[in-house]
Amino acid sequence: MDGAALARACAEAMWADDSASKHLGMQLISVEPGRAVLAMTVDGRMVNGHNICHGGFIFLLADSAFAYACNTYNRRTVAQHCGITFLNPARIGDRLTARAVERQRIGRSGIFDITVSRADGLPVAEFRGHSRAIEGELIPGVKAD
Amino acid sequence: MDGAALARACAEAMWADDSASKHLGMQLISVEPGRAVLAMTVDGRMVNGHNICHGGFIFLLADSAFAYACNTYNRRTVAQHCGITFLNPARIGDRLTARAVERQRIGRSGIFDITVSRADGLPVAEFRGHSRAIEGELIPGVKAD
Amino acid sequence: MDGAALARACAEAMWADDSASKHLGMQLISVEPGRAVLAMTVDGRMVNGHNICHGGFIFLLADSAFAYACNTYNRRTVAQHCGITFLNPARIGDRLTARAVERQRIGRSGIFDITVSRADGLPVAEFRGHSRAIEGELIPGVKAD
Amino acid sequence: MDGAALARACAEAMWADDSASKHLGMQLISVEPGRAVLAMTVDGRMVNGHNICHGGFIFLLADSAFAYACNTYNRRTVAQHCGITFLNPARIGDRLTARAVERQRIGRSGIFDITVSRADGLPVAEFRGHSRAIEGELIPGVKAD
(Lines give C-alpha, C1' and ligand atoms only; values in the text may rest on other atoms or scores of the structure.)
Protein backbone atom coordinates (compact mmCIF):
# COMPACT_ATOMS: atom_id res chain seq x y z
CA MET A 1 0.00 0.00 0.00
CA ASP A 2 1.41 3.45 -0.72
CA GLY A 3 2.22 5.63 2.26
CA ALA A 4 -0.69 8.03 1.84
CA ALA A 5 -3.26 5.24 1.54
CA LEU A 6 -1.73 3.43 4.51
CA ALA A 7 -1.93 6.60 6.62
CA ARG A 8 -5.64 6.95 5.80
CA ALA A 9 -6.31 3.28 6.47
CA CYS A 10 -4.59 3.52 9.88
CA ALA A 11 -6.67 6.58 10.75
CA GLU A 12 -9.90 4.80 9.77
CA ALA A 13 -8.97 1.81 11.92
CA MET A 14 -8.29 4.07 14.91
CA TRP A 15 -11.36 6.22 14.35
CA ALA A 16 -13.67 3.17 14.31
CA ASP A 17 -13.12 2.58 18.02
CA ASP A 18 -12.12 6.06 19.19
CA SER A 19 -15.20 6.87 21.22
CA ALA A 20 -13.32 9.51 23.23
CA SER A 21 -12.66 11.77 20.24
CA LYS A 22 -16.09 11.14 18.72
CA HIS A 23 -17.90 11.80 22.00
CA LEU A 24 -16.31 15.27 22.08
CA GLY A 25 -17.52 16.01 18.56
CA MET A 26 -14.05 15.94 16.99
CA GLN A 27 -13.74 15.66 13.24
CA LEU A 28 -10.82 14.06 11.43
CA ILE A 29 -10.15 16.58 8.65
CA SER A 30 -7.12 15.02 6.98
CA VAL A 31 -4.28 12.61 7.53
CA GLU A 32 -1.00 12.01 5.69
CA PRO A 33 2.16 10.15 6.69
CA GLY A 34 3.34 11.92 9.85
CA ARG A 35 0.54 14.50 9.77
CA ALA A 36 -3.05 14.90 10.90
CA VAL A 37 -5.60 17.70 11.19
CA LEU A 38 -8.53 17.48 13.61
CA ALA A 39 -11.21 20.02 14.52
CA MET A 40 -13.56 20.45 17.48
CA THR A 41 -16.07 23.09 18.55
CA VAL A 42 -15.96 24.24 22.18
CA ASP A 43 -19.27 23.46 23.88
CA GLY A 44 -20.82 23.93 27.31
CA ARG A 45 -19.27 20.75 28.73
CA MET A 46 -15.78 22.18 28.23
CA VAL A 47 -16.02 25.43 30.17
CA ASN A 48 -13.99 25.85 33.37
CA GLY A 49 -14.21 28.05 36.43
CA HIS A 50 -12.74 31.06 34.61
CA ASN A 51 -15.54 30.79 32.00
CA ILE A 52 -13.10 29.81 29.25
CA CYS A 53 -12.44 26.42 27.69
CA HIS A 54 -10.74 24.13 30.23
CA GLY A 55 -7.15 23.65 29.05
CA GLY A 56 -7.67 19.94 29.31
CA PHE A 57 -10.04 19.91 26.33
CA ILE A 58 -7.54 21.86 24.26
CA PHE A 59 -4.95 19.27 25.28
CA LEU A 60 -7.39 16.50 24.29
CA LEU A 61 -7.80 17.88 20.78
CA ALA A 62 -4.03 18.34 20.33
CA ASP A 63 -3.33 14.91 21.80
CA SER A 64 -5.80 13.28 19.42
CA ALA A 65 -4.18 15.00 16.43
CA PHE A 66 -0.82 13.78 17.78
CA ALA A 67 -2.14 10.21 18.09
CA TYR A 68 -3.47 10.16 14.52
CA ALA A 69 -0.25 11.67 13.12
CA CYS A 70 2.11 9.27 14.89
CA ASN A 71 0.03 6.20 13.95
CA THR A 72 0.20 6.70 10.19
CA TYR A 73 2.87 4.03 9.59
CA ASN A 74 0.82 1.01 10.74
CA ARG A 75 2.99 0.63 13.80
CA ARG A 76 1.05 0.98 17.04
CA THR A 77 2.46 4.09 18.72
CA VAL A 78 1.69 5.74 22.06
CA ALA A 79 2.37 9.08 23.73
CA GLN A 80 5.19 9.10 26.27
CA HIS A 81 5.61 12.74 27.21
CA CYS A 82 3.70 15.81 26.08
CA GLY A 83 4.16 19.50 26.77
CA ILE A 84 1.54 22.17 26.11
CA THR A 85 1.71 25.96 26.30
CA PHE A 86 -1.51 27.96 26.44
CA LEU A 87 -1.41 31.14 24.36
CA ASN A 88 -4.92 32.52 23.91
CA PRO A 89 -8.26 31.51 25.43
CA ALA A 90 -11.00 29.64 23.59
CA ARG A 91 -14.66 30.21 24.37
CA ILE A 92 -17.99 28.44 23.81
CA GLY A 93 -18.69 28.18 20.10
CA ASP A 94 -15.06 28.57 19.06
CA ARG A 95 -14.09 26.19 16.28
CA LEU A 96 -10.60 24.83 17.10
CA THR A 97 -8.27 23.16 14.62
CA ALA A 98 -5.25 21.10 15.63
CA ARG A 99 -2.53 20.54 13.03
CA ALA A 100 0.02 17.85 13.90
CA VAL A 101 3.35 17.66 12.03
CA GLU A 102 6.13 15.15 12.54
CA ARG A 103 9.38 16.85 13.48
CA GLN A 104 11.68 13.87 14.07
CA ARG A 105 11.37 10.11 13.89
CA ILE A 106 14.35 8.01 14.93
CA GLY A 107 13.92 4.29 15.50
CA ARG A 108 10.89 3.83 17.74
CA SER A 109 10.84 7.44 18.98
CA GLY A 110 9.14 10.44 17.41
CA ILE A 111 8.61 14.14 18.11
CA PHE A 112 5.47 15.85 16.79
CA ASP A 113 4.47 19.52 16.96
CA ILE A 114 0.79 20.41 17.15
CA THR A 115 -0.64 23.91 16.88
CA VAL A 116 -4.23 24.52 18.01
CA SER A 117 -5.82 27.59 16.41
CA ARG A 118 -9.15 29.36 16.48
CA ALA A 119 -11.14 30.06 13.31
CA ASP A 120 -9.84 33.66 13.36
CA GLY A 121 -6.32 32.25 13.07
CA LEU A 122 -5.19 33.11 16.60
CA PRO A 123 -3.09 30.35 18.16
CA VAL A 124 -4.67 28.82 21.25
CA ALA A 125 -1.89 26.40 22.21
CA GLU A 126 1.40 24.89 21.12
CA PHE A 127 1.88 21.21 21.95
CA ARG A 128 4.95 19.01 21.53
CA GLY A 129 4.46 15.27 21.81
CA HIS A 130 7.03 12.50 22.20
CA SER A 131 5.86 9.14 20.88
CA ARG A 132 7.13 5.60 21.14
CA ALA A 133 6.23 2.71 18.85
CA ILE A 134 5.17 -0.41 20.73
CA GLU A 135 4.34 -3.94 19.55
CA GLY A 136 1.51 -4.44 17.10
CA GLU A 137 -0.05 -3.06 13.95
CA LEU A 138 -3.30 -1.20 13.32
CA ILE A 139 -4.04 -3.15 10.13
CA PRO A 140 -2.51 -6.61 10.54
CA GLY A 141 -0.01 -7.59 7.87
CA VAL A 142 -0.08 -4.42 5.74
CA LYS A 143 3.15 -2.53 5.02
CA ALA A 144 4.01 0.70 3.24
CA ASP A 145 5.59 0.26 -0.23
CA MET B 1 -9.68 34.43 56.90
CA ASP B 2 -7.07 31.83 57.76
CA GLY B 3 -5.20 30.21 54.88
CA ALA B 4 -6.91 26.83 55.09
CA ALA B 5 -10.41 28.36 55.15
CA LEU B 6 -9.51 30.69 52.29
CA ALA B 7 -8.23 27.74 50.22
CA ARG B 8 -11.54 25.91 50.73
CA ALA B 9 -13.59 29.02 49.94
CA CYS B 10 -11.64 29.55 46.70
CA ALA B 11 -12.22 25.93 45.71
CA GLU B 12 -15.96 26.24 46.39
CA ALA B 13 -16.14 29.39 44.28
CA MET B 14 -14.38 27.65 41.40
CA TRP B 15 -16.36 24.43 41.72
CA ALA B 16 -19.68 26.30 41.53
CA ASP B 17 -19.12 27.10 37.87
CA ASP B 18 -16.71 24.36 36.84
CA SER B 19 -19.04 22.43 34.56
CA ALA B 20 -16.10 20.79 32.77
CA SER B 21 -14.84 18.94 35.83
CA LYS B 22 -18.34 18.13 37.05
CA HIS B 23 -19.45 16.85 33.66
CA LEU B 24 -16.61 14.30 33.76
CA GLY B 25 -17.70 13.07 37.18
CA MET B 26 -14.71 14.51 39.04
CA GLN B 27 -14.83 14.83 42.82
CA LEU B 28 -12.97 17.41 44.82
CA ILE B 29 -11.57 15.33 47.67
CA SER B 30 -9.55 17.95 49.57
CA VAL B 31 -7.90 21.32 49.22
CA GLU B 32 -5.29 23.14 51.32
CA PRO B 33 -3.07 26.13 50.54
CA GLY B 34 -1.02 25.03 47.51
CA ARG B 35 -2.57 21.56 47.43
CA ALA B 36 -5.58 19.75 46.01
CA VAL B 37 -6.76 16.18 45.55
CA LEU B 38 -9.32 15.25 42.89
CA ALA B 39 -10.68 11.87 41.80
CA MET B 40 -12.40 10.56 38.66
CA THR B 41 -13.54 7.17 37.44
CA VAL B 42 -12.69 6.23 33.85
CA ASP B 43 -15.88 5.64 31.86
CA GLY B 44 -16.82 4.65 28.34
CA ARG B 45 -16.57 8.20 27.01
CA MET B 46 -12.83 8.28 27.81
CA VAL B 47 -11.60 5.24 25.90
CA ASN B 48 -9.31 5.72 22.89
CA GLY B 49 -8.37 3.64 19.87
CA HIS B 50 -5.99 1.47 21.87
CA ASN B 51 -8.87 0.56 24.23
CA ILE B 52 -7.25 2.39 27.15
CA CYS B 53 -8.16 5.73 28.68
CA HIS B 54 -7.29 8.55 26.26
CA GLY B 55 -4.30 10.39 27.73
CA GLY B 56 -6.24 13.61 27.36
CA PHE B 57 -8.67 12.63 30.14
CA ILE B 58 -5.78 11.81 32.44
CA PHE B 59 -4.38 15.23 31.59
CA LEU B 60 -7.80 16.78 32.32
CA LEU B 61 -7.90 15.30 35.80
CA ALA B 62 -4.32 16.37 36.58
CA ASP B 63 -4.95 19.82 35.11
CA SER B 64 -8.04 20.29 37.26
CA ALA B 65 -6.10 19.30 40.40
CA PHE B 66 -3.43 21.80 39.31
CA ALA B 67 -6.03 24.54 38.84
CA TYR B 68 -7.56 23.99 42.28
CA ALA B 69 -4.13 23.87 43.97
CA CYS B 70 -2.80 27.06 42.37
CA ASN B 71 -6.01 29.00 43.06
CA THR B 72 -5.95 28.55 46.84
CA TYR B 73 -4.63 32.06 47.61
CA ASN B 74 -7.63 34.01 46.24
CA ARG B 75 -5.57 35.28 43.37
CA ARG B 76 -6.92 34.25 39.99
CA THR B 77 -4.26 32.00 38.48
CA VAL B 78 -4.02 30.24 35.12
CA ALA B 79 -1.92 27.48 33.56
CA GLN B 80 0.87 28.64 31.27
CA HIS B 81 2.81 25.50 30.42
CA CYS B 82 2.19 21.90 31.44
CA GLY B 83 4.14 18.70 30.85
CA ILE B 84 2.77 15.21 31.34
CA THR B 85 4.46 11.81 31.22
CA PHE B 86 2.35 8.69 30.87
CA LEU B 87 3.54 5.78 33.00
CA ASN B 88 0.85 3.09 33.18
CA PRO B 89 -2.47 2.70 31.38
CA ALA B 90 -5.87 3.29 32.95
CA ARG B 91 -8.92 1.31 31.88
CA ILE B 92 -12.72 1.60 32.13
CA GLY B 93 -13.77 1.48 35.77
CA ASP B 94 -10.37 2.57 37.13
CA ARG B 95 -10.67 5.10 39.91
CA LEU B 96 -7.98 7.74 39.37
CA THR B 97 -6.72 10.17 42.01
CA ALA B 98 -4.70 13.29 41.20
CA ARG B 99 -2.65 14.84 44.02
CA ALA B 100 -1.33 18.35 43.33
CA VAL B 101 1.46 19.81 45.45
CA GLU B 102 3.04 23.25 45.13
CA ARG B 103 6.76 23.00 44.50
CA GLN B 104 7.70 26.66 44.04
CA ARG B 105 5.90 29.98 44.13
CA ILE B 106 7.86 33.12 43.30
CA GLY B 107 6.03 36.36 42.63
CA ARG B 108 3.26 35.61 40.14
CA SER B 109 4.76 32.31 38.97
CA GLY B 110 4.30 28.84 40.44
CA ILE B 111 5.34 25.26 39.77
CA PHE B 112 3.06 22.41 40.83
CA ASP B 113 3.64 18.65 40.67
CA ILE B 114 0.66 16.37 40.18
CA THR B 115 0.73 12.58 40.39
CA VAL B 116 -2.21 10.61 38.98
CA SER B 117 -2.55 7.13 40.50
CA ARG B 118 -4.88 4.16 40.20
CA ALA B 119 -6.67 2.66 43.19
CA ASP B 120 -4.03 -0.10 43.32
CA GLY B 121 -1.42 2.59 43.86
CA LEU B 122 0.24 2.33 40.45
CA PRO B 123 1.18 5.72 39.03
CA VAL B 124 -0.63 6.55 35.80
CA ALA B 125 1.02 9.89 35.02
CA GLU B 126 3.32 12.58 36.35
CA PHE B 127 2.35 16.15 35.50
CA ARG B 128 4.24 19.39 36.13
CA GLY B 129 2.33 22.63 35.75
CA HIS B 130 3.59 26.20 35.52
CA SER B 131 1.06 28.78 36.68
CA ARG B 132 0.80 32.52 36.47
CA ALA B 133 -1.36 34.78 38.62
CA ILE B 134 -3.43 37.24 36.61
CA GLU B 135 -5.70 40.11 37.66
CA GLY B 136 -8.67 39.40 39.88
CA GLU B 137 -9.80 37.46 42.91
CA LEU B 138 -12.07 34.45 43.30
CA ILE B 139 -13.80 35.89 46.39
CA PRO B 140 -13.76 39.68 46.07
CA GLY B 141 -12.10 41.51 48.91
CA VAL B 142 -11.07 38.55 51.09
CA LYS B 143 -7.43 38.13 52.10
CA ALA B 144 -5.48 35.46 53.98
CA ASP B 145 -4.55 36.43 57.57
CA MET C 1 16.63 50.84 11.77
CA ASP C 2 15.19 48.05 9.62
CA GLY C 3 14.40 44.77 11.34
CA ALA C 4 17.31 42.79 9.87
CA ALA C 5 19.87 45.45 10.81
CA LEU C 6 18.39 45.75 14.28
CA ALA C 7 18.60 41.97 14.75
CA ARG C 8 22.30 42.02 13.83
CA ALA C 9 23.00 45.02 16.06
CA CYS C 10 21.32 43.29 19.02
CA ALA C 11 23.39 40.16 18.42
CA GLU C 12 26.61 42.21 18.29
CA ALA C 13 25.72 43.93 21.55
CA MET C 14 25.06 40.58 23.24
CA TRP C 15 28.12 38.90 21.76
CA ALA C 16 30.43 41.66 23.04
CA ASP C 17 29.93 40.53 26.61
CA ASP C 18 28.93 36.90 26.15
CA SER C 19 32.04 35.30 27.59
CA ALA C 20 30.18 32.02 28.24
CA SER C 21 29.49 31.33 24.56
CA LYS C 22 32.90 32.58 23.44
CA HIS C 23 34.74 30.53 26.07
CA LEU C 24 33.15 27.38 24.62
CA GLY C 25 34.30 28.28 21.12
CA MET C 26 30.83 29.04 19.78
CA GLN C 27 30.46 30.95 16.55
CA LEU C 28 27.53 33.17 15.67
CA ILE C 29 26.82 32.13 12.08
CA SER C 30 23.77 34.27 11.29
CA VAL C 31 20.94 36.19 12.88
CA GLU C 32 17.65 37.54 11.53
CA PRO C 33 14.50 38.75 13.29
CA GLY C 34 13.36 35.77 15.35
CA ARG C 35 16.16 33.50 14.10
CA ALA C 36 19.75 32.64 14.90
CA VAL C 37 22.30 30.00 13.89
CA LEU C 38 25.26 29.14 16.13
CA ALA C 39 27.95 26.46 15.80
CA MET C 40 30.34 24.77 18.23
CA THR C 41 32.85 21.94 17.99
CA VAL C 42 32.77 19.31 20.76
CA ASP C 43 36.10 19.26 22.59
CA GLY C 44 37.70 17.31 25.43
CA ARG C 45 36.16 19.54 28.13
CA MET C 46 32.65 18.46 27.07
CA VAL C 47 32.91 14.69 27.38
CA ASN C 48 30.91 12.87 30.07
CA GLY C 49 31.15 9.54 31.84
CA HIS C 50 29.66 7.67 28.86
CA ASN C 51 32.45 9.08 26.64
CA ILE C 52 29.97 11.16 24.64
CA CYS C 53 29.31 14.89 24.76
CA HIS C 54 27.63 15.81 28.06
CA GLY C 55 24.04 16.75 27.24
CA GLY C 56 24.56 19.97 29.13
CA PHE C 57 26.90 21.32 26.44
CA ILE C 58 24.37 20.48 23.75
CA PHE C 59 21.81 22.34 25.83
CA LEU C 60 24.23 25.27 26.16
CA LEU C 61 24.60 25.60 22.40
CA ALA C 62 20.83 25.36 21.83
CA ASP C 63 20.15 27.78 24.67
CA SER C 64 22.60 30.32 23.22
CA ALA C 65 20.93 30.08 19.81
CA PHE C 66 17.59 30.57 21.59
CA ALA C 67 18.92 33.65 23.43
CA TYR C 68 20.22 35.27 20.23
CA ALA C 69 16.98 34.52 18.35
CA CYS C 70 14.64 35.88 21.02
CA ASN C 71 16.72 39.06 21.53
CA THR C 72 16.50 40.29 17.93
CA TYR C 73 13.85 42.93 18.61
CA ASN C 74 15.91 45.13 20.96
CA ARG C 75 13.80 44.10 23.89
CA ARG C 76 15.77 42.38 26.63
CA THR C 77 14.37 38.85 26.78
CA VAL C 78 15.18 35.89 29.01
CA ALA C 79 14.51 32.15 29.06
CA GLN C 80 11.71 30.99 31.35
CA HIS C 81 11.28 27.32 30.60
CA CYS C 82 13.18 25.07 28.19
CA GLY C 83 12.72 21.45 27.18
CA ILE C 84 15.32 19.36 25.38
CA THR C 85 15.14 15.88 23.88
CA PHE C 86 18.35 14.03 23.07
CA LEU C 87 18.22 12.10 19.80
CA ASN C 88 21.73 11.07 18.75
CA PRO C 89 25.09 11.32 20.52
CA ALA C 90 27.81 13.82 19.66
CA ARG C 91 31.49 12.96 20.09
CA ILE C 92 34.81 14.82 20.34
CA GLY C 93 35.48 16.69 17.12
CA ASP C 94 31.81 16.79 16.03
CA ARG C 95 30.82 20.16 14.63
CA LEU C 96 27.36 21.01 15.98
CA THR C 97 25.00 23.59 14.52
CA ALA C 98 21.98 24.98 16.38
CA ARG C 99 19.23 26.62 14.32
CA ALA C 100 16.70 28.66 16.30
CA VAL C 101 13.36 29.63 14.76
CA GLU C 102 10.59 31.65 16.37
CA ARG C 103 7.34 29.71 16.49
CA GLN C 104 5.08 32.11 18.36
CA ARG C 105 5.39 35.56 19.85
CA ILE C 106 2.43 36.98 21.77
CA GLY C 107 2.87 40.05 23.92
CA ARG C 108 5.93 39.50 26.11
CA SER C 109 5.98 35.71 25.61
CA GLY C 110 7.65 33.72 22.86
CA ILE C 111 8.17 30.09 21.83
CA PHE C 112 11.29 29.15 19.86
CA ASP C 113 12.29 25.78 18.37
CA ILE C 114 15.97 24.91 18.11
CA THR C 115 17.38 21.89 16.30
CA VAL C 116 20.99 20.87 17.02
CA SER C 117 22.55 18.83 14.20
CA ARG C 118 25.89 17.22 13.44
CA ALA C 119 27.84 17.98 10.26
CA ASP C 120 26.52 14.73 8.73
CA GLY C 121 23.01 16.11 9.13
CA LEU C 122 21.92 13.79 11.94
CA PRO C 123 19.82 15.56 14.56
CA VAL C 124 21.45 15.58 18.01
CA ALA C 125 18.71 17.31 19.97
CA GLU C 126 15.39 19.14 19.69
CA PHE C 127 14.94 22.07 22.07
CA ARG C 128 11.87 24.22 22.71
CA GLY C 129 12.37 27.45 24.61
CA HIS C 130 9.80 29.76 26.22
CA SER C 131 10.97 33.34 26.51
CA ARG C 132 9.74 36.41 28.32
CA ALA C 133 10.62 40.01 27.54
CA ILE C 134 11.70 41.98 30.60
CA GLU C 135 12.52 45.66 31.10
CA GLY C 136 15.33 47.21 29.08
CA GLU C 137 16.85 47.38 25.62
CA LEU C 138 20.09 45.99 24.20
CA ILE C 139 20.79 49.17 22.20
CA PRO C 140 19.28 52.09 24.11
CA GLY C 141 16.77 54.14 22.18
CA VAL C 142 16.78 52.25 18.87
CA LYS C 143 13.55 50.87 17.44
CA ALA C 144 12.63 48.73 14.43
CA ASP C 145 11.06 50.68 11.54
CA MET D 1 26.84 -5.22 47.41
CA ASP D 2 24.25 -3.28 49.39
CA GLY D 3 22.34 -0.57 47.54
CA ALA D 4 24.08 2.38 49.22
CA ALA D 5 27.57 0.99 48.56
CA LEU D 6 26.63 0.18 44.97
CA ALA D 7 25.34 3.72 44.43
CA ARG D 8 28.66 5.15 45.65
CA ALA D 9 30.68 2.70 43.56
CA CYS D 10 28.70 3.67 40.43
CA ALA D 11 29.29 7.35 41.14
CA GLU D 12 33.03 6.78 41.58
CA ALA D 13 33.17 4.88 38.29
CA MET D 14 31.37 7.72 36.48
CA TRP D 15 33.37 10.46 38.17
CA ALA D 16 36.68 8.88 37.14
CA ASP D 17 36.09 9.77 33.51
CA ASP D 18 33.68 12.69 33.83
CA SER D 19 35.99 15.42 32.61
CA ALA D 20 33.03 17.68 31.76
CA SER D 21 31.81 17.99 35.35
CA LYS D 22 35.33 18.20 36.77
CA HIS D 23 36.40 20.85 34.27
CA LEU D 24 33.57 23.07 35.53
CA GLY D 25 34.69 22.66 39.12
CA MET D 26 31.71 20.55 40.19
CA GLN D 27 31.88 18.61 43.43
CA LEU D 28 30.02 15.37 44.09
CA ILE D 29 28.67 15.97 47.60
CA SER D 30 26.68 12.79 48.16
CA VAL D 31 25.00 9.93 46.38
CA GLU D 32 22.42 7.35 47.48
CA PRO D 33 20.18 5.01 45.49
CA GLY D 34 18.12 7.32 43.27
CA ARG D 35 19.65 10.50 44.71
CA ALA D 36 22.67 12.73 44.20
CA VAL D 37 23.84 16.16 45.36
CA LEU D 38 26.37 18.17 43.36
CA ALA D 39 27.72 21.68 43.87
CA MET D 40 29.43 24.24 41.61
CA THR D 41 30.56 27.84 42.02
CA VAL D 42 29.66 30.26 39.21
CA ASP D 43 32.85 31.68 37.67
CA GLY D 44 33.76 34.13 34.92
CA ARG D 45 33.47 31.53 32.15
CA MET D 46 29.76 31.10 32.88
CA VAL D 47 28.50 34.66 32.54
CA ASN D 48 26.18 35.55 29.65
CA GLY D 49 25.20 38.72 27.86
CA HIS D 50 22.85 39.80 30.65
CA ASN D 51 25.77 39.59 33.15
CA ILE D 52 24.18 36.66 34.97
CA CYS D 53 25.08 32.99 34.86
CA HIS D 54 24.19 31.53 31.45
CA GLY D 55 21.23 29.21 31.98
CA GLY D 56 23.15 26.50 30.20
CA PHE D 57 25.59 26.16 33.09
CA ILE D 58 22.74 25.86 35.55
CA PHE D 59 21.32 23.16 33.30
CA LEU D 60 24.73 21.46 33.23
CA LEU D 61 24.88 21.25 37.01
CA ALA D 62 21.31 19.94 37.26
CA ASP D 63 21.90 17.50 34.41
CA SER D 64 25.03 16.13 36.10
CA ALA D 65 23.12 15.62 39.36
CA PHE D 66 20.42 13.86 37.32
CA ALA D 67 23.03 11.61 35.64
CA TYR D 68 24.58 10.59 38.98
CA ALA D 69 21.18 9.94 40.57
CA CYS D 70 19.82 7.79 37.74
CA ASN D 71 23.04 5.75 37.46
CA THR D 72 23.01 4.48 41.05
CA TYR D 73 21.70 1.00 40.21
CA ASN D 74 24.67 -0.15 38.09
CA ARG D 75 22.56 -0.01 34.96
CA ARG D 76 23.91 2.41 32.38
CA THR D 77 21.23 5.08 32.04
CA VAL D 78 20.95 8.16 29.82
CA ALA D 79 18.86 11.31 29.66
CA GLN D 80 16.02 11.29 27.12
CA HIS D 81 14.09 14.47 27.78
CA CYS D 82 14.72 17.25 30.28
CA GLY D 83 12.78 20.36 31.19
CA ILE D 84 14.17 23.28 33.16
CA THR D 85 12.48 26.37 34.58
CA PHE D 86 14.59 29.34 35.62
CA LEU D 87 13.43 31.00 38.82
CA ASN D 88 16.13 33.33 40.16
CA PRO D 89 19.44 34.49 38.68
CA ALA D 90 22.86 33.27 39.80
CA ARG D 91 25.91 35.55 39.66
CA ILE D 92 29.71 35.18 39.72
CA GLY D 93 30.79 33.68 43.03
CA ASP D 94 27.41 32.10 43.80
CA ARG D 95 27.74 28.60 45.17
CA LEU D 96 25.02 26.45 43.55
CA THR D 97 23.79 23.12 44.86
CA ALA D 98 21.74 20.65 42.78
CA ARG D 99 19.72 18.00 44.63
CA ALA D 100 18.40 15.17 42.47
CA VAL D 101 15.61 12.91 43.76
CA GLU D 102 14.02 9.98 41.96
CA ARG D 103 10.29 10.46 41.53
CA GLN D 104 9.34 7.38 39.52
CA ARG D 105 11.13 4.37 38.12
CA ILE D 106 9.17 1.91 36.01
CA GLY D 107 10.99 -0.69 33.95
CA ARG D 108 13.72 1.09 32.02
CA SER D 109 12.21 4.57 32.45
CA GLY D 110 12.72 7.02 35.28
CA ILE D 111 11.66 10.54 36.29
CA PHE D 112 13.95 12.62 38.50
CA ASP D 113 13.40 16.07 40.00
CA ILE D 114 16.37 18.34 40.54
CA THR D 115 16.30 21.64 42.42
CA VAL D 116 19.24 24.04 41.98
CA SER D 117 19.62 26.49 44.89
CA ARG D 118 21.95 29.29 45.89
CA ALA D 119 23.78 29.30 49.23
CA ASP D 120 21.15 31.73 50.60
CA GLY D 121 18.53 29.06 49.92
CA LEU D 122 16.84 30.80 47.02
CA PRO D 123 15.85 28.38 44.24
CA VAL D 124 17.62 29.09 40.95
CA ALA D 125 15.97 26.43 38.79
CA GLU D 126 13.68 23.42 38.83
CA PHE D 127 14.63 20.60 36.46
CA ARG D 128 12.74 17.41 35.62
CA GLY D 129 14.65 14.68 33.82
CA HIS D 130 13.37 11.57 32.06
CA SER D 131 15.90 8.74 31.93
CA ARG D 132 16.15 5.47 30.08
CA ALA D 133 18.33 2.51 30.99
CA ILE D 134 20.37 1.21 28.07
CA GLU D 135 22.65 -1.83 27.72
CA GLY D 136 25.66 -2.15 30.01
CA GLU D 137 26.81 -1.73 33.57
CA LEU D 138 29.10 0.79 35.22
CA ILE D 139 30.83 -1.87 37.34
CA PRO D 140 30.78 -5.12 35.37
CA GLY D 141 29.15 -8.04 37.11
CA VAL D 142 28.14 -6.33 40.38
CA LYS D 143 24.51 -6.39 41.54
CA ALA D 144 22.58 -4.86 44.43
CA ASP D 145 21.66 -7.31 47.20
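The first chain written gets the first letter, and so on, giving A, B, C and D; residue counts start at 1 in each chain.
Basically, contacts are C-beta pairs under 8 Å (C-beta built on N, C-alpha and C of every residue); 3 or more make two chains touch, one makes a residue touch a chain.
Bear in mind the structure is a predicted one, so any value in this text is a computation, not a measurement.
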item	value
Result of counting contacting C-beta pairs for A-C and A-D, higher pair	A-C
Per Cα centroids, the chain farthest from chain D	A
Separation of chain A from chain C, taking each centre as the mean of its C-alpha atoms, in whole Å	29
Whole-Å gap separating chain A and chain B, where each centre is the average of the chain's CA atoms	23
Intercentroid distance (Cα basis), chain D paired with chain A, Å	34
Multi-chain contact residues (two or more partners), chain D	81, 83, 85, 130
Of all residues in chain C, those that touch chain D in their complex	13-21, 23, 44-51, 54-57, 59-61, 63-64, 67, 71, 76, 78-86
Sites on chain A touched by chain C in the complex	83, 85, 87-88, 103-104, 106, 109, 111, 113, 123, 126, 128, 130
Interfacial residue positions of chain B with respect to chain C in the complex	81, 83, 130
